[in-house]
Amino acid sequence: MSEPGAGRFPIPALESLPADMRERIAKVQEKAGFVPNVFVVLAHRPDEFRAFFAYHDALMLREGALTKAEKEMIVVATSAANHCTYCIVAHGAILRAYSKRPLIADQVAANYLKADLSAREKAILDFAMKVATESHRVDEADFAPLEAHGLSREDAWDVGAIAAFFALSNRMANLTAMRPNAEFYSMAR
Amino acid sequence: MSEPGAGRFPIPALESLPADMRERIAKVQEKAGFVPNVFVVLAHRPDEFRAFFAYHDALMLREGALTKAEKEMIVVATSAANHCTYCIVAHGAILRAYSKRPLIADQVAANYLKADLSAREKAILDFAMKVATESHRVDEADFAPLEAHGLSREDAWDVGAIAAFFALSNRMANLTAMRPNAEFYSMAR
Amino acid sequence: MSEPGAGRFPIPALESLPADMRERIAKVQEKAGFVPNVFVVLAHRPDEFRAFFAYHDALMLREGALTKAEKEMIVVATSAANHCTYCIVAHGAILRAYSKRPLIADQVAANYLKADLSAREKAILDFAMKVATESHRVDEADFAPLEAHGLSREDAWDVGAIAAFFALSNRMANLTAMRPNAEFYSMAR
Amino acid sequence: MSEPGAGRFPIPALESLPADMRERIAKVQEKAGFVPNVFVVLAHRPDEFRAFFAYHDALMLREGALTKAEKEMIVVATSAANHCTYCIVAHGAILRAYSKRPLIADQVAANYLKADLSAREKAILDFAMKVATESHRVDEADFAPLEAHGLSREDAWDVGAIAAFFALSNRMANLTAMRPNAEFYSMAR
Amino acid sequence: MSEPGAGRFPIPALESLPADMRERIAKVQEKAGFVPNVFVVLAHRPDEFRAFFAYHDALMLREGALTKAEKEMIVVATSAANHCTYCIVAHGAILRAYSKRPLIADQVAANYLKADLSAREKAILDFAMKVATESHRVDEADFAPLEAHGLSREDAWDVGAIAAFFALSNRMANLTAMRPNAEFYSMAR
Amino acid sequence: MSEPGAGRFPIPALESLPADMRERIAKVQEKAGFVPNVFVVLAHRPDEFRAFFAYHDALMLREGALTKAEKEMIVVATSAANHCTYCIVAHGAILRAYSKRPLIADQVAANYLKADLSAREKAILDFAMKVATESHRVDEADFAPLEAHGLSREDAWDVGAIAAFFALSNRMANLTAMRPNAEFYSMAR
């Protein structure tokens, strides 16, 4: 029960990885105190690994109007819609850490419509959920609630692109039977 | 953010309640260290309160083949399908406490199909989820996987009846905007 | 074809039941002229039987703004959404009897949106159906149409709680393969 | 409440209709004792009326292995899936009349999976429902259960074509807000 | 791979057909340069064939406010919702031919909400899709957007009836595994 | 109607882009004869652009058991499920080009279950569609049909990862209202 990917695909030995990947993983380990399983499982395919984390960083580290907590909130809400255990648990932990709101991740995962959200956060998650679950219906009217909270087109791109990226991430985690590290469950509660 | 029911319906003062209800609530408070909000919110209607908890106890305290942890697992899985924040969080805590498995509640809430379950637990949740989400399709074939794990018709009734009771409970919690007590989120982790 | 529960669970002999249950059943039989199968099938578990009917009575016999016919209409509409043959047929009969509208039950069961309903009845069923099928989305705006017809928060609780109780009842009837008594089909037409 | 089509489209005066239509309607009236509203509402468009009933007769009057009751059963089951009040009520009456089983129509409309059906009837309705609700998934394997009951490819065409024709009929009835004549509700009970 | 119906049902020899059917087919062949497979496959049942094309012509050849292109657009959009390969491809070709817009059929088939449509075309397809996918919810409010574009009740009947007729047609094509003629794919591009 | 993204987000001037992006785009233009709009629209965000195409190439150019045509088939089938006009049309063209089967793209987009596929192609698309639409249910049994066609775990990763990547891609195209270049519609027919 303790493997990162439940044995579905091979897990590489970290020391066998190319230097750039080892370096990236070492940094995360230093910061978090452990290596999140998403790094371990996706390392099986170095090119995809590099593209995945480059994309992740482009969105999640980008400066903009969305706070780090708002970004993680998008991840938790859309990952719950996709029933992705890894992302709900791991990003739930990060959401608690960034927001300093220890209850918010479990609320958003269960039903974001009843979570303790500001009106702005609610508008962000409504938009993100539409991109996650029925993006073909997104139309101009969907941008208005974001604009009512001072969020620009660029911010809307951020919201939608994070929902889109985790549509990928959730499917990879489900495909690989990726398992959250035990540390995530209790972090920042 | 701290009201038990988000102001949607009146919350009675506990001291104004009939003696039998106060007594029941006092016992729970003694055991848990706090009064779970389901008692506070449903106390608004004493007759329904009494019937609700009588039904709850008839199912959840009944001796039988299902363990207490298995019963709570049914509650968490079916409440997740109904997006009931109160039941996921509160019964998730109780599931952790009974099972001594601190990670299991979050796994079952996210996607019971990928949770660390025994084959028996998986069969129980499959049956419970069918009753919760498409009970009109339950047929004789659905009992076979339970029987393969030594679970009788009586046990199947327990599984199905718990799923059915929480179909009610989830809807009442959602109707009343019932909020989990903060204590539940971190209990038994 | 004539068993109350299609042989899925044991049916107790009525004379073997505890006195309070026999008394309750005798009263129903006296009034209806026969024993509705829900009493026969659920009698297999006396504690659950008592809680079930206590809950039923707390909601269905409670004095309030909803008429008896309106309450039965909620049962028929939500039971149709759950494809519960027993509740559609049995409560359809009771709806015809209370409302003196011999066509209304079949209309509500087929498609309540096209049934011959007053605007108030339509608002009640819209609210009930939301609780029955997506209670996690119920929000403050859902109460407004009820209020427009003079229905208070207490009345909304009644509507929602009846929908919630029959979410349980429908699942128990489907689980136990409960069959409507033949008498219900033609009653009050 | 008594108009055939709730006022949504004009209803022609029967005496203004072309002779062939008047004749057809007169025959039905003679047999049934009243003019079913489907004739009245669809008469608004004579060419469509003629094609509709020619198609109806080609399927419903065709000699083959399916009994008249089995054909009506297909209509009731698929019309229930489409929430078509007119077809559920009117063809429910005809089903009762042909089958001499006064309870069967209400059972099939509520949940055909739990109706008192023979294995052959169950296989017919499974096939019909697949054509009605997800015809794009029909494949060779779906014909096997029909064949197991001695039903040929020609019979399968009948089953599927009746489901297909009532996909049209249900939509026309819903579009025109067609109302069942009061006589249908109590016929043959 | 080249049979009109993938071998699921017998395909009649055209020369064996009754004169009226041969004549109809000859006319189509003269105009199109080939015999569309819908004629070949449905000819297996002459009475149904005649009713089908009588109905088709009553709707598609009827004079009214809808243009021929608008009618074909309804066919393509609703057939896409039903995943009917034959109708998407064959009527997509006809739509291109009538509209002189070589890209429109592929756009409407993929997602009509993002196709290059006028506001009137969008309103027509919204109404048609509601009839195709949830006709039981059609109500008076659905007619207003059509009226805003000058479309009368008669025009709304046309829109809805075309959607309804192709609900039948799509199911027959899926039931019979009807295959589009190769010519349709590239026609009018 | 001719903008690459319908005006929803700013479109950068190609000459203003960083050299590496201009070079990549120039190469595509040279090969295709035009610049596909996905390059134009996503160039608004250079870092995301680079990660997107790095990921794309890692999957689509990777050597393995899947042919180029099989990879494009996955894109078309899953993009159809997401109603992504851009990907259906653009990758449909590429699928036609690689497969030399001019009808296959329209068939797969309409209903892959009825397309002219080999058993191996059908197995690949079944797996891809499960990842695209309900990845949380993927389990060990889903790999068996791939293995029956000689496809390894690595190949299954390819299938699933392509479905996952286009879950992202489809959502970005829908978010940005990305429009297929006119050239794609008729290419390789």
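We just call them A, B, C, D, E and F in the order they show up, numbering each chain from 1.
The working rule: a contact is a pair of C-beta atoms (placed from the backbone, for glycine too) under 8 Å apart; a residue touches a chain by one contact, two chains touch by 3 or more.
Every value quoted in this text rests on a predicted model; they were computed, and no experiment measured them.
Chemist: Copies subunit E and subunit F touch; is their interface built from the same residue numbers (over half shared) or different ones?
Modeler: same
Chemist: If you average the Cα atoms per chain, which one ends up farthest from subunit C?
Modeler: F
Chemist: What whole-number Å value describes the gap between the mean CA coordinates of subunit C and subunit E?
Modeler: That gives a centre separation of 44 Å.
Chemist: Roughly how many whole angstrom separate the Cα centroids of subunit C and subunit D?
Modeler: The mean C-alpha positions of subunit C and subunit D differ by 29 Å.
Chemist: Express in whole angstrom the distance between the two chain centres, defined as the mean CA positions of subunit B and subunit E.
Modeler: Computed from C-alpha means, the inter-chain centre distance equals 51 Å.
Chemist: At least two partner chains per residue is the criterion; list those residues in subunit F.
Modeler: Counting only residues that touch two or more other chains, subunit F contributes 83-84, 111, 113-114, 136, 174.
Chemist: Work through the pairs of chains, note which ones touch, and then classify the graph as line, ring, star, complete or other.
Modeler: If you draw each chain as a dot and join those that touch, the picture is no line, ring, star or complete graph.
Chemist: Check the chains against each other and report every pair that touches.
Modeler: Contact pairs between chains: A-B, A-C, A-E, A-F, B-C, B-D, B-F, C-D, C-E, D-E, D-F, E-F.
Chemist: Along subunit E, where are the residues that touch subunit D in the complex?
Modeler: By the definition above, subunit E touches subunit D via 8-10, 44-45, 47-48, 50-52, 54-55, 57-59, 62, 82-84, 131-132, 135-136, 138, 140, 153, 157, 160-161, 163-165, 167-172, 174-176.
Chemist: Sort out for me which residues of subunit E touch subunit C in the complex.
Modeler: It is residues 136-137, 139 of subunit E that touch subunit C.
Chemist: Which stretch or stretches of subunit B touch subunit F in the complex?
Modeler: Checking each residue of subunit B against subunit F gives 111, 113-114.
Chemist: For the complex, give me every residue of subunit B touching subunit A.
Modeler: Spelled out, the residues of subunit B in touch with subunit A are 1, 6, 80, 83-85, 88-89, 102-103, 106-107, 109-111, 113-116, 174, 177, 182, 185-186, 189.
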